[in-house]
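Here the structure is laid out as structure tokens; the discussion comes afterwards.
Chain IDs A, B and C follow the sequence of writing; residue 1 opens each chain.
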Amino acid sequence: MNTGARRVREWLIERAIQAAGAMAIVFVLAIFAFLLRDALPVFRETTVRDLATGRTWLPTAEPPKLGLLPLLLGSLYVTIGALLISVPLGVACAAFISEVAPRWMRETLKPAVEVLATIPSVVFGFLGLLLVGPWLAELLDLDVPLFAGLGSLMLAFMAMPMIVSLSEDAIRAVPMTLRQNSLALGATQWQTIWRVVLPAGRSGIIAAVLLGMGRAIGETMTVLMVTGNAAVIPLGLPGFLRPVRTMTATIAAEMGETAYNTPHYHALFAIGLLLFIITFAANTIADVVVRRSGRTTR
Amino acid sequence: MVRVRVMAALLALALPLAALTGGCGRPESTSSESGDREAVAQIGSTTMLPLAGRWQKAFNRKQPEVDISVSGGGSGTGIRALIAGTAEIANSSRDIKQKEIAQAREAGVTLVEHVVAYDGIAVIVHPSNPLHEISVEQLSDIFSGRVTSWADLGATRMGDTQVISRDSASGTYEAFKELVVTMGGQDKTRDYAAAVLKQASNQAVLALVARTKSGIGYVGLGYLDESVKVLPVIPLDGGEAVAPTVENVASGDYSVSRALYCYTNGEPRGATKAYLDWIEGPEGQAIVEELGFVPVK
Amino acid sequence: MKGTQSMHRPQRLGPRATQAAAFAALWAAAALVLLPVAAILGVMFVRGGRAISWELLSSAEDGLLPSIVGTVTLVALTAVIAAPLGIAAAVYLREYAPRGPLVRLIRLAIVNLAGVPSVVYGLFGLALFVTLLGFGRCLLAGACTLALLALPLVITASEEALRQVPERLRAASFALGATRWQTVRRIVLPNALPGIITGLILSMGRAAGETAPILFTAAFIALTKPFPSSVLDPIEALPFKLYYMATEAHGITEDAKWATASVLVGLVLTINLVAVITRARLRGARRW
């Protein structure tokens, strides 16, 4: 084969590969740009301030009331509830898998957690709606079987695989010598885990929590199906037992019915933009934390 | 070796794909390409979806040469598709919006409205609820959050009301707001309270009310079943409570009802006209009645 | 030993007792992570299993066949779009990219792409593919949207597979005078193929279960045309069908809902199982 032609071909292929490499950046920017493009017109109708502090979400009223506060707080409530359940359980499970479990159990638990990660969110929503919700409502004597805490519970189990596997990576990355030194000083295995291993794996665990948060706040189908979707501002602990409406559920429920290019349509894109910014922040911080800890360990 | 070649070919696909994303108009509509058969795409309201499905089946038994495709997605989706030219008929369970009329005009589309059925909206509570009737004013107070306890309505030991509504973008939601929450426009400042639970469909509202002792909600007549108790409604001008039945909706005695629409681009022609005429005729309207909606004539 | 310690600090448990308690708590935590979900999935499979019939699976009229076909088609098209892009990006990152700010930025972008909420992908797909490019609500728009969602997974898995290829193979190839592309094409990619394919299948398992991204871009409930005749037709999809059956549909038996949920989870698990088997078989065939 003619070497010149081959060189040209290789050059072309390599440029194509390079372009594909940069594609991820292009896509992130494109998503941001498109959300922005369809979200900005909402400010012909309202202001950032009204959007952020408005306490009423009645998008089809005349004029529409586009207060995102109840939706934002609804999302935060469900997410924080999910983290309260999944972080302690997930980190404990990770510590168990990497430090305590007998070998055969480790070999069973890890794939089991991975299987958990594959269950689609709509299935969790379905199970919450038909099985867990009615059961919990009976147990707690609630009027309505759809409430914020139910969403938290379902999300906790959905975020669990991510938290377990990332925390486990972080714990595993703690150098063996640290453990050996601690044990040699007479500490029990538990003291070593609690005082040495977990603190040393701290930044990785924090990253796992942040990523779990990003996952939980962006979860859609489950919360749409189990949280009742009432756009109230949740208050105090009882708020977990009442219905809320999250940002993701609002987009999913209303986009099909709303008219194109109306303030309501743009407001839904504004919610999408807000979600994008929140998850972007969580992921970027998590990434920085992981990278920084990686450098210090090395 | 072959496999590697395939890989290389796949890699080479990357660029054209990026170019594809660069720019291209809508490829020709596929719905109108089935040879000699005339195609009618009917898109829109989820409330009307069962209705549209039955219409299509029955109509195609008579005239199999017309290729009718039906899909849901919501009233907004249907009207969007009609304006974009990807649908011949848009099903809508709500009145068209000013904004949509303007968008249609911009796109050179003239929206023509056809009322194809009425839908009575029944007020439902848990079977254990002691109430036997309810007035429009009381309903307005409940749904706007002015009354939050069953005791205020004369039902003791029922606790607080759990108000359950359709989702805020649905046609039923808007119709109920117009007819009941604002009391037929008497008090336009009233709107749904924030604490109202929103459900994706009639079915979901029904299921939730059936499971919620202190619940109250509304659903289309066609969805009623034994699992809930239906409350007759006392109209705004007083008088006897009226039960939501097909007869009472048709006669106008039961006031909580709304129209279901089909929109077309201009006056319908050809297969679309034949189909719409058939829907508005006796056979189409028989299906309307069978599914628990109220016929137009 | 134990006795004297607890004498000194009678108010606290000794370290061994603490350890026993703590380990018990860890066991409990591990059980709590898995058992409740296992239990409710068990209930689902039992109830669904009882209701699954050949009719339900194979009927195009009111069975699940259109949804199964729709999901499989959607996932296949997603793979066709995501694979070349994802693998090329991984090759760039692993085989070509110089260390530096650009690569750092690309990695950050991949991490963020993986974290974008699925419903936001749906909005993006609606704005770009459905509306601006005018695909309409269809298979192609849904597959493009899902491909974006799967892309970070494909890249990460492919990169991992490339990393597993021993450095000495590359060195040997270069030593024989091969160019970088020749090395990648003849040596690295064939050796990384098992890992790449496994990763691709796993990402497709994830895509198969997604609902939110296809909600406004592809999915519908077919009343008339159960099967798409081109990529520009909307499709039925199992996860969307389950959502519809659980919340919207009228007159659907509980049994049918449980059956649909079981079929969806069964499909996703099967895809994952295929990935695991593929990995085992292709690995077995290759020894370094």
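Throughout what follows, a residue touches a chain if its C-beta (ideal position, glycine included) is under 8 Å from a C-beta of that chain, and two chains touch if they have at least 3 such contacts.
Computed from a predicted model, the values in this text were never measured in an experiment.
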| request: Determine the shape of the graph in which chains are vertices and touching pairs are edges (line, ring, star, complete, other). | output: complete
| remark: Maximum distance between Cα centroids and chain C occurs for chain B
| Best-connected chain pair, where connection means C-beta pairs in contact | A-C
| said: Rounded to a whole Å, what is the gap between the Cα centroids of chain A and chain B? | reply: 33
| If you average the CA atoms of chain A and of chain C, how far apart do the two points sit, in angstrom? | 16
| request: Quick one: report the Å distance separating chain B from chain C, using the average Cα coordinate of each chain. | output: 34
| request: Note the residues in chain C that touch 2 or more other chains, in rising order. | output: 84-85, 88, 91, 128, 247
| note | Multi-partner residues in chain B (2 or more other chains touched) are 8, 11-12, 14, 46, 73, 77, 199-200
| task | Provide the list of chain A residues touching at least two other chains, using ranges where the numbers run on. | result | 13, 16-17, 20, 23, 256, 260
| remark: Seen from chain A, its contact residues with chain B in the complex are 13, 16-17, 19-20, 23, 55-61, 65, 70, 134, 137, 143-146, 224, 228-233, 243, 245, 253-254, 256-262, 264
| field | Residue ranges of chain A touching chain C (in the complex, touch as defined) | value | 10, 13-14, 16-18, 20-25, 27-28, 30-31, 34-35, 37-38, 88-90, 92-93, 95-97, 100-101, 109, 112-113, 115-116, 118-123, 125-127, 129-132, 157, 160, 164, 187-191, 193-194, 211, 214-215, 217-221, 225, 248, 251-252, 255-256, 260, 268-269, 272, 275-276, 279-280, 282-284, 286-287
| Where on chain C is chain B touching in the complex? | 81, 83-85, 87-88, 91, 128, 133-137, 144, 185-186, 189-190, 193, 220-225, 229-230, 232-234, 247-250
| What residues on chain B touch chain C, complex-wise? | 3-4, 7-8, 10-14, 17, 21, 23-27, 30, 46, 49-50, 52-53, 56, 68-73, 77, 81, 84, 86, 199-204, 222-223
| said: Going by the contact rule set out above, which residues of chain C touch chain A in the complex? | reply: 15-16, 18-19, 22-23, 25-27, 29-30, 32-34, 36-38, 40-41, 43-44, 84-85, 88-89, 91-93, 96-97, 102, 105-124, 126-128, 131, 148, 151-152, 155, 179-182, 205-206, 208-212, 215-216, 239-240, 242-243, 246-247, 254, 257, 261, 264-265, 268-269, 272
